[in-house]
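Below is one structure, written out as structure tokens, with a few remarks after it.
In this document, chain identifiers A, B, C, D and E correspond to the written order of the chains, with residue numbering beginning at 1 in each.
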Amino acid sequence: MGRITLDKVRKAFGDIEVIPPLDLTIEDGEFVVFVGPSGCGKSTLLRLIAGLEDVTSGQIRIDRQDATDLPPAKRRLAMVFQSYALYPHMSVRKNIAFPMKMAGVPKEEQEKRIEAAAKALNLTDYLDRRPGQLSGGQRQRVAIGRAIVREPAAFLFDEPLSNLDAALRVGMRLEISELHKRLKTTMVYVTHDQVEAMTMADKIVVLRAGNIEQVGSPLELYNRPRNLFVAGFIGSPKMNLLSGTEAAKHDAATIGIRPEHIAISTESGTWKGVIGVSEHLGSDTFFHVNVEGFDEPFTVRASGEVSLKYGDEVYLTPNEANLHRFDAEGLRIA
Amino acid sequence: MGRITLDKVRKAFGDIEVIPPLDLTIEDGEFVVFVGPSGCGKSTLLRLIAGLEDVTSGQIRIDRQDATDLPPAKRRLAMVFQSYALYPHMSVRKNIAFPMKMAGVPKEEQEKRIEAAAKALNLTDYLDRRPGQLSGGQRQRVAIGRAIVREPAAFLFDEPLSNLDAALRVGMRLEISELHKRLKTTMVYVTHDQVEAMTMADKIVVLRAGNIEQVGSPLELYNRPRNLFVAGFIGSPKMNLLSGTEAAKHDAATIGIRPEHIAISTESGTWKGVIGVSEHLGSDTFFHVNVEGFDEPFTVRASGEVSLKYGDEVYLTPNEANLHRFDAEGLRIA
Amino acid sequence: MARAVSTRRKLLTTVFAWLVGLAIFFPILWTILTSFKTEAAAIASPPVWFNFHWTLDNYVTVQNRSNYFRHFSNSVIISVGSTLLGLIIAIPAAWSMAFVPAKRTKDVLMWMLSTKMLPPVGVLVPIYLIFRDLGILDTRIGLVIVLTLINLPIIVWMLYTYFKEIPGEILEAARMDGASLREEIIYVLTPMAIPGMASTVLLNIILAWNEAFWTLNLTAARAAPLTAFIASYSSPEGLFYAKLSAASTMAIAPILIMGWFSQKQLVRGLTFGAVK
Amino acid sequence: MATKHSRAAARLMISPAVILLLGWMIIPLGMTLYFSFLRYNLLMPGMEEFTGLANYRFFLTDPAFFAALKNTLLLVGGVLLVTVVGGVLLALMLDQPFFGQGIVRILVIAPFFVMPTVSALVWKNMFMNPVNGLFAHAAKALGMQPFDFLSAAPLASIIGIVSWQWLPFATLILLTALQSLDQEQLEAAEMDGAPWIKRFFYIMLPHLARAITVVILIQTIFLLSVFAEILVTTNGGPGVASTNLTYLIYVQSLLQFDVGGGSAGGVVAIILANIVAIFLMRMIGKNLDA
Amino acid sequence: ETITVATVNNGDMIRMQGLMDEFKAEHPDIDVEWVTLEENVLRQRVTQDVATKGGQFDVMTIGNYEVPIWAKQSWLVPLTDMPEGYDEEDLMPAIADGLRQDGTLYAAPFYGESAMVMYRTDLAEAAGVTIPDAPNWGQIEEAAAAMTDRDNEIYGICLRGKAGWGENMAFISSMANSMGARWFDMDWHPQFDSEAWSETLTDYLDLMNNYGPPGGSGNGFNENLALFQQGKCGMWIDATVAASFVTDPEESTVADSVGFAQFPNKEGMEGTGHWLWSWNLAIPAGTQKEESAKAFVAWATSKEYTQLVAEREGWRAAPPGTRTSLYENQDYLDAAPFAEMTLNAINGVDILNPTVDEVPYIGSQWVGIPEFQGIGTAVGQQFSAALAGQVSAEQALQSAQQLTEREMTRAGYIQ
């Protein structure tokens, strides 16, 4: 009841092609996350699906039915905007009721669904407040509430958490994940936050300049990035990338190794280096190690207890099993 | 040349006491970070030091000299605001020159110092741009530039990175740390970002409702939180806290154990539980494990490769050495 | 909403909008057209649109009758002068209200506005007597003072709304940088508020330019601005449509031209804090 | 921000404005109040004497007084209605994409620059005149009897003229307000299934509330003292059909040179204006802080 | 020395402004600044200034209504010691007498006027009516009826309807005088409840409603002048000065077919004019520049000025109605077909006895008391409302009666 298919969908603003023809299928009940650098077309893609933008060419199908020319209101999709776009002059109750009112749902039915949504989202005490009197997290729940009462075919989220502070984000992330588990409705989610993408998605779509670079589960992307772009984009801190002789040793144009896949030791190892800045997070420590022969320092993760400091000499050993190899075009060598 | 002492400083807005009498000494050359939940008075404290607010009672001394009634301009402190507060109508050069102009520094001297600051901050190419034409990171450097040309007794930063996106933040964090290493000027830094506090501070001051909960080095706070509040506040994800019989076993009212200090196994361990939501970050996986007898799920960190999933039965074993014990008042038991 | 608007719809909107725009503008257009007609053509029935004998006679007549340029320069001096004087008084006041708000700030603002509700006819005689005793009847300085006082509340309010949009942090930064209050206002606040000030200035010039009660009653020959100029055309003898049109065109043209060239500025600024 | 220094400075800096306006209010007001208790006619100097409330009694029992009061309210209310409704419609129109937006916007704004006297003269003579006015020509061309606007519907005609002058003002404020509406809100409403008309009533109009309040406040201030338009077009007539309070006071104090009576009228008008002001401020206070 | 002259925006005054270089030639040390205003605004401005001693004007243009009132207050400089050759004797007595107080002249007449009928000879002929030199109201109505042709926008009669003591009330008061009505009885009681007034107003309304142009309640002197010049009026009864405009071929489309007749009377009643107005130049008492002002006033109202205008613009444009000599000048009589009619009309007025019954005031189409401006305008509003159809004639008269009584009581005339 929420399968979305994009068939050669192309979008241009004037002469500028923002999305070159693109195919994508989102299965019913799936949680799909779009990631990519700023300006790569994530929002545009979402708005195309929502019907807030016209496609320049191509076809959008929702549940096998052609929706390309349907107005947004007819697509049975609910969208949660980055700014939530709550109606500031209406109470929470009225905000949630609005789509039902537009659809002509009878009053009692409205009440029932509002109660249910409010309970599910922990909003019961705030139903009579205005959005201006709510915290960021509460607002977001209202936005979701407004979406779920419609029982949409799919939810579309456009960076819904980017306005929240870190602590709230973690909480909301879990809530949305749980909501998805419970409702089993298709969700399409745009974010530029690594952690959100990795933790929430069933399937991540990595976009660059309107092109799909890779589609896959989070671990697939982490473990087997299809190209250098994805390798560099997924994972934080970034994968260390080496080219030149070191890469040639592995028959590749470039090799990559993530900070967490390098062992650090004071005694011996593959590369010898000197510790630069180190960042102690308590749980972990990130060392930035300057290795002779490489321009960029290596980032290495060690446990929080390791007691090395600025200027210490250390040896680094990559875990060969986790080494990524890329060819001259930047494509993964299997 | 930058020792700041707060002596029974108290601040009330009208009837509301925001900062109850508080003592604090910031040593010359120290990098002190204020953390605490939103609204706890971090900014207020900083503004009191800056002289942008009057203290209600108490005394502020800068380098032993009473500064309580000095206007901000006279305190020889430089402040970097959250929004940077650059003068949008002036070029970068003029922005940086402004404090010197106000102080009547001769033109040639101004030029010299601007050149020096621009070089140090990598701004030489941008001196004739307006702030509006700069990226977030460049703006922040201008703000710092404006501060350093004055050679202040101390820098005050009020959440200077919170407007930047994640990637930029990491970079700026490193730059400020390096600046501090180089200038050795006292810095007072407000943030609500865990990672910033942990990685930058010589000394962290944890505030709650205007009270100082603990002062100490980052690892001190991480390893030996003085009370439950600090224990819960420092570290991400949060420390798991248990009370009741389990805590009694350890002669404490509450015990705490961080997610990274719990071993997870499918075979045996102290507690048996079922995996709920799991968050795969690639590098790590956070499992939320529901253990019988506890209301809240346990958060446990495991490596990125562990392949457990929703509903799996697992055993958890805390690392006894990293167990934190608290008494009924919430204070740490040594 | 960036969905393509169909060209057909856009064309329809265009036609409709232009019709409405022209309808609203029509009285002015017609006045300007009429000012180039002969008196006979001006009242021709049915009206003639463009195919008449264009003449500048009316302008010549009007200029011969009254010294347009003196009225014009009086208008300029009075409206610009009162606006500048108003700004000088209003900037500090607006600064206080915007950056050091007190409990009574809103009340003070509203009180200021309420002084504009004094019906001028009711206080003309007292003011006239005061002006007579001060010896500033029929002087430009007298009018500058009156118009400043009349428009001050509006200037204060407008500036107040702009200042409130300026983040206080920037002023605090200036203070930390060692700027005195005066320097803070001159070097930081004022330049930042330039767009807002520009629209304040524009609006006040317009209001002062068009103010017709005080300017008419407190002047005779020397300080009389264009409102007094037009007052001598309100019902002359004989056919006067064309001459009236010429005089009207001359009276409103300067401000109309100024308004047109600065309309972007004006549009942006004229919000009185109505737009959050 | 609020340190002792800055509060002291603030008090100092606001005082010139406050003192000037206080003077501007109190001195003429004081004199007006004083005159209002005098029998004082400019044409009969030397006969001033204290008459107590006689001037007030005379002004308030003037048969024209209530008509003027009613006309004042009708005029203010009528113009507000036309300009707010018209302004909203125009703002909606100008907010649409079409060719030549800038020019049309200029055309719509233009009446705001026209002096009240000029606009009254132009409307009266060149448009509303039943013989030579354009409306009369138009009516004749359509085979209808020309309508004599200024004598058959004087107040409505004046409302029309004044509305024409103030429409641009309302349009401008409402247009900027409309443009500040978060597009996402409209899109959200669209996704929620609201058709255009409902988006207008449920989203746009409430968003405009604040701007409308401002329009009402500012315009009321100016409309209460509409004078030139009446003087030029109808002289308050026929009868007292288009006499508003300001004009009535004008008749009293400047046509009869009865300073005492005019002052009493002025005081009454000030009291009434302040009642309106208090009423407005209640409304505004709520809306402006929201 | 610069003197400031406040003046009304009518044609004669504007013409004078064009002749200032001549004045300058004679008086090189005097500069003249003009303040030209519409009549009502002018009156308000100068009255206010003179009463408060504002001192903004050195010469004021005022009507013969104001002169006695102001002279009594000593607000005006007596015009004694006029320059040699001014020839005060030459001023027409009917006009000049109204400007004297105890035999001293307080203002110099610039032009004077009475009222008369102007009609279109061509239309009258076409309609087959003749208008006698001294018509009565009945004949006027007949002629109006005959000439009216609404389809071609020809209206039989154009009369003032715009409210104001100097607008519709000027005409209606004159008409009332000619019908035997008066403003006040000898105890200052208003007379609007009299039969004569009722008759006056009814007749006036009938004329205007049946044969007048649309929008009559908004028409004053200027509007009617425009209508007449455009050829839309059969008859126009108004001030005699209008004659020179309607016969001006440059402005008037009907210049060569205008006839003149005396102001009408009620059938069987006598009297040639009930209207007397002059615009005069006066010097307010407070001025510092009395000498220069006097020089200017003398120049502007002198015979030489008349001559000057005649030379420049032709005799027809000479300011009428002030000097007997003008009416003895054959050039003028030739150029101005209306001259004789004007002279008779002016000389026929006796402002001490404007109507049949005795009155306590001096005046003709106005009443010479300070309160009249206000009262006249308020009454004018009522009559204009009646003309606009908002109230009936009876209601208008009743309101007029009440409001006049109210004002007169307040002013202390009625005890």
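Observations, loosely collected:
Keep in mind that, in the parts below, a residue touches a chain if its C-beta (ideal position, glycine included) is under 8 Å from a C-beta of that chain, and two chains touch if they have at least 3 such contacts.
Just so we're clear, the structure is a prediction, and the values are computed from it rather than from any experiment.
Chains that touch both chain C and chain E: D. Across the assembly, the mean Cα position most removed from that of chain A is the one of E.
Annotation: C-D is the more contact-rich of the chain pairs D-E and C-D, by number of C-beta pairs in contact.
Note: centroid distance chain C to chain D, computed from Cα atoms, is 16 Å.
Between the Cα centres of chain A and chain D there is a gap of 55 Å.
For the pair chain A and chain C, the distance between C-alpha centroids works out to 54 Å.
Shared interface positions of chain A, defined as residues touching 2 or more other chains, are 52. Contact with two or more other chains is made by residues 48, 52, 226, 230 of chain E. Counting partner chains per residue, chain C has residues 1, 43, 124-125, 129, 172, 231, 233-234, 240 touching two or more of them.
Only residues 50, 52, 71-73, 77-79, 81-83, 85-90, 98-99, 102-103, 146, 150 of chain A touch chain D when the two sit together in their complex.
Residues of chain B touching chain D in their complex: 51-54, 71. Residue ranges on chain B touching chain A, taken from their complex, read 38, 165-166, 170, 174, 177-178, 192-195, 198-199, 218-219, 222-223, 234-237, 258-260, 277, 279-284, 286, 288, 301, 303-304. Residues of chain C that touch chain E in their complex: 39-40, 43, 64-66, 124-125, 128-129, 132, 137-138, 216-217, 220-222, 224, 228, 231-240. Every residue of chain E that touches chain C in the complex is listed here, in rising order: 4, 6, 9-11, 14, 17-18, 33-39, 41, 45, 48-49, 52-57, 220-222, 225-226, 229-230, 245, 251, 253.
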